[in-house]
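Multiple structures follow.
In the two complexes that follow, chain A is the common piece, with chain B as its partner first and chain C second.
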Partner chain A sequence: MKLELKKVYNYHKKEMIKVLLIQQMGCLNLIGKSIPRREGKNKVTGTAKYTADYSTPGQLYAVLVTSPHAHAKIKSIDITKATKCAGVQAVVTGKDYPVLTGSAVEDRPVLAIEKVRYFGEPVAIVVANSEYEAEKACSYVQVEYELLPVLHSVEESFTGKNALIHESFHLYTKPKKLKPIPERNVANHVTVRKGDFHKGKHISDVLVKTNVSLPQSDHAAMETRSVKAEILPTGEVHIESSSQAPFDIQQMVSKHFNIDTNKVIVHTPFVGGAFGGKAAIQLEFIAYIASKSTGGKPIKLTHSRENDMISSPVHIGMDSDVKLGATNDGKLTMLEMTFKFDSGAYVDESSDITTTAALNCTGPYKVDHVWCDAYCVYTNHPYATSFRGYGHGELAFAIERALDKLAEKLQMDPMELRIKNAIKPGDTTPSQAKLTKGNIGNTKACLERIKKLIDWDEGDVVPVSNNVIRAKGISGLWKTSMSPTDASSGAIITLNKDGSMNLNVGVVEIGQGTKTTLIQILATSMQVDESKIHMKMDVNTESSPEHWKTVASTAVYMAGNAVVEAAEDVKRQLKNNASYKLRCKPEDLEVGESRVYLKSDPQKHVNVQSVVRGYKYNNGNTAGNMVIGRGGFVMNQLTNMDLKTGKAFPGPAWTVGAQAVEVEFNTRTFFYTITKAVSVLDAGVIFNPKGARGQVTGAMSMGLSWASREGFYFNQNGNIINNQFRTYKTLRFDEQPEYIVDFVNTEQLDGPYGARGVGEHGIIGMPAALANSLSKAANTSLNHLPLIPEFIWSKKKEETP
Partner chain B sequence: MITTDFEYYCAQSITEAVDLFKQLSDSGIRPLFYNGGTEIITLMRINSFYTHVNAVIDIKRIPECSVLEMDEHDYLVIGASVPLAEIEENMAFPLLSKNCSRIADHTSREKITLGGNVCGHIKYKEAILPLLLTNSTLVIADEKGLHEVFIQDIFDKEIILEPGSFIVQFKIEKEFLSMPYINKKMTKIDRIGYPLITVSAIQMKKEIRFAFSGLCETPFYSYEIDDILNNEENSIRKRINAAIKQIPEPILDDIEGSASYRKFVLSNTLEEIMMKLNGGGGNEAIS
Partner chain C sequence: MKQLVELFINEEKKQVHVRPTDTLLHTLRNNLGLTGSKPGCENGDCGACTALVDGRPMKTCLVLTVEAAHYKITTIEGLKDSSIQQAFEKKFAFQCGYCTSGFIMNCYALTMQYPNADKYQIKNWLQSNICRCTGYEEIEQAIQSIVISDKAK
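For the complex of A and B:
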């Protein structure tokens, strides 16, 4: 039996506690135990219900009329014919509800008004008795357009010459602080100024320049977005949505349609994959006005795959210029970087993604002199929102490609270059945030581990057979989670009469398994078996405590801390009730194994079930109180960004890691097979190793798919032509490489029991590592995604005229 | 969702199918013969094709359309309604099996039929390549009954069928079934997807025949290209370069790949096929 003692500092309680990590010892301690997903059996048997699975009697169906143009004036919309179609209850257009929405800039109408800014933009909505009647009537909505010049790229938009996408940008309400350049179609310009740029240049012996870019792509969640809305005669608005942000929906519907917040009730059942794409609010507003236009009837709106890909927000595109300097012995000296993010037609999260990329632009490396300009640029592409990694995968692609180029120029081992410059406690980030033992993990340890796991010493390019070579590429990674500085989370624990517990948190189960981890945290805190805990799997704003949004890999950190606090609250109350029976002070008692016992003599105890509703004496008198646990968490220590220098403390901690990819590359055909992918993450204390491995592997697979083949193709009119899985490629099961996932365990000191989030991190270094391996293999710089063989061929062709 | 209303008929015999087509046409309805339905369903759903179809006549239940056997004259007979997945597993005609195994994904191959693939709207129609190479016989049903025709006689960019007629069966001569062959499908990146190019090649006694899909707007088989590629006076490289100049139509240039990249892939693929077949490496076909 392996016993391990670890000191875990629970800063949240401002006290130090010691937790015995008793592995393989059965029920009492669930840290490090791979218990199965709580909801797993329901999911694999098809019993679990998702938004589109629910229907209400009398429910109507809504279908979108979308724009066939990327940029056009709406001259007129004639709904007369559509209104007369069989089964049609209402046809709504943008002018009926002239509301502008957006989390950073209120630039987006619920349905297009006056002009359309991207192909697929919702223009009208038809509500009918059945879905097919609604869809049929859509073809009778007659919209007359006048075409406008299409801005196809960030470069084109940035010139500000051909067109403005938002002529009235200056009139928009801006809930967040931004530095726009409206005449260049720039919604936000972020500047990071750290150190002395000129000094940095002066002390650099070598300088490399590189340009990288990646196109917009899709989140490709299995479940397409779906929403239902109903307005009751009392005025209560009920929305059910496949969302990562039910509480945000509640706030925003309340705000934009002037409804008391308590009258907006949002319900979210299981979500079938989200990856950031379901944190944005779009269809919920549309569903609300659709219901409103029918007198409040229940309506359902479920995206087809085609609409899900282009009408709803997508993964951001990026173009970046990097200048990276170093001394001859490989010490990084300066970084000058420009990002142009393709936010598409509307800003949504893009301004914040721009900020995040800028504030963390160096990746997990120490650079004293940093000069970064990041622009959030409007184009006539679909609008972008958060995507797994939130800017970090994009910035990693830029910086890690530059690092490999630098290593080549220095004739230095790329691994050594990274190890030499790995960031550590005591260093500062580009936003001048001071790193400490508590808020950053061990980058160097991750790199050294990956070096072994990928067998780096074998050589990064090794011949396999005639025309086939094996090549390896690496990438470091880091990520912080930029949230509002007051983002909050809560947990409520109620107890059943037998002493078992019900846990209620506002975290959405999007397939990530957080709720199982939260069960483990509570079980550990209460010293009970996980089977004694029931978890409320859906989220309902009327009964669940708010959790900011299920995004940014923060659910374990935020809700986990709230659960620990709620468990402490339950224990306090149980001890109080038990003190009547055990005739002692509550402080003399401890709770564990469903018992409340005297610390000094554990044999003297009362079962929890006897004290969940106060303590009843033999004569029937009852003392104490009913036990209900509450716990809360708010982000603290975060600061807003200084607009001039980018100085900020953007997130509570930086999770670091290293990744590697091995490919077998055919030098004749330029086709390749990804044979191996490795991740080493400093994930702190891991509650559920198999769950964590699953998350990291899933993210790696997603990253390899994104890097190797995903991306939207636009025709000359700016229309996306691959909004179907026939032509939009994702990695298939038989193309998966061997995955190796390993962890370094530097505790996050303010995480629950030292745990860190790992939901996103596995994706971050994959594009860079794949590009690095293929660039080695093909002996050319591959700086643009996706890395399809034709792209490699075209690069090689350029080089050999 | 398919929003067009259309009538569905399921014919139990060849005559019923032909008669139904005539009756419906006479009453002003535009019917379409329906086999696996994958293309009709998926394209109607997104309103991109078959939008004016008022009725479909399903021929899958017709017994003759589902046979897969050698007949008494030593022909392999494959019914038009046999799904690609069945051909893939059957291996009576290994080149066709190999070819079919690379069309769409397995779930779709369970539905897509041989007749549907070669008569569909899809530009690739990859299953037609082995049929062209072997100049297989088509058994066609129309008002007059059944008649047989060589595929090369009615193939001009597509199989030209009179309205109201449909293919019941494909017949392939036995001698072709065991010839060395190679079928190679190249895609943009993964195993499953539309082809950059698909090449089927079969080693005859004296020459290799080649047929192509994905290279141009329609699949093709060209005697001229065969002649050039089999001209042993020239090096393989030279033959390939000459053959590429003889491609009868413009080379496709789309999101699967540019025209010049397709040429590059074609050149490599042909070289690989010729090296393998000349070196006696057929049958162990590369995928």
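For the complex of A and C:
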């Protein structure tokens, strides 16, 4: 008996010390701890399942028939032979489901109707018992085309002379905020007018002009897009998709096929990389009509790499003219800019990317007089959708090349020029949004940090040997998310009988690691070990709370805030239940380490597990209630854009940063090695440093790959000739530079514990920094991507008489 | 048209009915439920489908199942808590996880064959796989940690 008492005493003493420690030091603080990925073990053992890994008994396979032409009238489609092929269950063409879709402009049929507008466009779909039978039958679908003039570039389209890609544009459903010029193949024209343009010109001592361009390229996620669809006898439509936007799929399938939203159920397991390319909805519609055509049977449709690259949406292309003015001492005075974005055959996200680029066209620099015209232009290229950075990498390439040119003209250090004009709280963006300490980070600090890290003072051009030059280039960067003004997210927490928790959010795990960060946020909020939290890894629209889309580096911000609110809700309910036992007011209590305790006397406590289903008195009576936590988040303070001036508050905050690249360039062969790449981001409070670094280096790698070698090549008929990894090269293992990543930590005041998103920012300045370094090394202006040695050679050759 | 083939996979004998044109990748995923091997390109370019055939890393999208009959095949599912898997987890050497099986199988084969592989060998071997999420930095750290710890033995 005595021993028992001693044990109890010791236990309480230990617990009391623990609680005091928590109170004094916040020792269960998981902020800044690189805890391993929650799903890690499943991924390293090959057991993590992706969409195409699942099979349903009796499932059928769908394969696409795609267009061999970039622009042609469909004169006829004969499916008779294909239908008779072995194993074929259905052959579907566009006319069977004449529905127009699109996230902004509804300009895209599910399968081509009347004409095809790009090489690789889905024209028909064959459903068969096996994939090879479907593939075989595809070759028996006979389509007769009449060729139309192909619009190969934004310039060709913009004249509107040769052809119109959408003759019936005026009939399309489209948002009111668009300003199209249909006779010039322009789906959206965005104007930004800030300050007094003429005054800006007048006070400028120096003016530089430059033209930059980059071709369309691909997201090239390792998992190709895949989808399954089935329609149950109850009318419920079940879709499983490799997607960043399961809730959007639910909305869009419901809208376009006139099905009650609650009857569309979308499931998304792990996604094998996305980078913006899986926020678009395309194959889901196709799989739905394929299933519908077979009486609702389960259909699986998985892209081949070749189709994934050209039939599904790609990364936007751009052509931009920049006029940048400054005073003699290097103060930026005015910016006149024109963007022509290559949206390809359909608009999808391109109209909004155009808007985003225009509203943020200056990059992270203060310019009082801004005049920007941005056009979203149709061409006969594959259609574009969001890509990591959402227009910011493209605008950075334009503005940062112009800044280097300006520095040259001013005979000023390009670093000093940027530091001098770095934007700060109190300034306004091109869209006249007022910047505050709470919504923008410290650009100047990032630039100053990068100056040291890249050893800028060594000199930006240093000869290494006879033919080799080491050169450095820099770029500033900023990014805001262009979300709907009411984008929302939610979190639900349920508790198990042992007091452990289940967290359910609508964020998709696409590789970015948000779910692990959210576990850290909840653990910090609840003051429990992360092992006490189960995270639902997949997303299902029937049980997960809606999360707008897993895009725009906003998942931690949006869902993180929802998780904090849900945790507060849980704590409030736990305190209420515990107050029955501890005979006090709920507000006298605190929650931590799976206990609810008196603030004034932490030794007096009740374990969470005894208050998750109310509190049960000794005689069996139960008081209180079952604990279920809920939290929500809706963007606030965002405003729609003024159509004349572009005045808007487009996103909740601007993340800023600076990047640098060092190359060793061979002046004889024009080959180069990227030796070093540096990023300094103002990422606010970092939850998981290793995870954050991986996001940044991964994005840098993608940016260097994009800038140095990626881009689609079209032949004279508008056909893409490099739609596989053999010919579409990405950066590989031994081509990586040394990465240096550092963070400045200005808290985002409304972020969960001050956190900001970092998923995209590492890519933004890479093309500009690489182009700036190579331009110096080769002593010429390199304003076109990709920066392959042959291009540098041809540029130099042009210049030599 | 289909024929019966006996495969020796992950230390087990498995009989499968396959078409002569079925790739080993197809058979692993669709007949045997071994979905750890991933199709990334089905053209031998990306390495996501890499498995071991008699200890050597092979892109299973380039192997016909009928050719694989008399070899010892090891897929990611056949590795049991190997040090390279642990290293991948510990070093954050994956993000989306889709290329991971292929990378791990390639790294595993390399370290089995050359326990003291040097930087040059590592670079040469790992050129065959594409990772689109990371900057390969963590993958390099993962395999380096295995090579070094094996050296220490």
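The criterion applied here is as follows: the second predicted complex is superposed on the first by the 772 of 801 C-alpha atoms of A that agree within 3 Å, B and C clash if a C-alpha of one lies under 4 Å from a C-alpha of the other, contacts with A are read in each partner's own complex, and residues count from 1 in each chain.
Just so we're on the same page, contacts are C-beta pairs under 8 Å (C-beta built on N, C-alpha and C of every residue); 3 or more make two chains touch, one makes a residue touch a chain.
Remember, it's a predicted structure, so these values are computed and weren't measured experimentally.
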item	value
Partner chain in contact with A:Thr224 - chain B first, chain C second, else both or neither	second
First, second, both or neither for A:Gly513, with chain B first and chain C second	second
Touching partner for A:Phe270 - first (chain B), second (chain C), both, neither	second
First, second, both or neither for A:Asp196, with chain B first and chain C second	neither
Chain B versus chain C as contact partner of A:Asp734, first or second or both or neither	both
Winner by number of chain A residues touched, once chain B and chain C are compared	C
Touching partner for A:Ser708 - first (chain B), second (chain C), both, neither	first
First, second, both or neither for A:Arg726, with chain B first and chain C second	both
Chain B versus chain C as contact partner of A:Lys43, first or second or both or neither	second
Partner chain in contact with A:Lys690 - chain B first, chain C second, else both or neither	second
Interface residues of chain A shared between complexes with chain B and chain C	132, 304, 724, 726, 732, 734
In the complex, chain A residues that touch chain B	131-132, 135-136, 139, 304, 306, 668-669, 708-709, 713, 721-722, 724, 726-727, 729, 731-732, 734-735, 788-790, 793-794
Chain B residues touching chain A - in the complex, by the definition given at the top	1-3, 46-47, 188-194, 255, 257-258, 261, 264-265, 268
Residues of chain C defined as touching chain A within the complex	19, 21, 29-30, 34-43, 45-46, 48, 75-77, 79, 85-86, 88-90, 92, 94-101, 104, 123-124, 126-127, 129-140
Residues of chain A that touch chain C when the two form their complex	34, 36-37, 39-50, 52-53, 55, 132, 220-224, 270-275, 302, 304-305, 510-513, 690-691, 694-695, 697-698, 700-702, 724-726, 730, 732-734, 736, 739
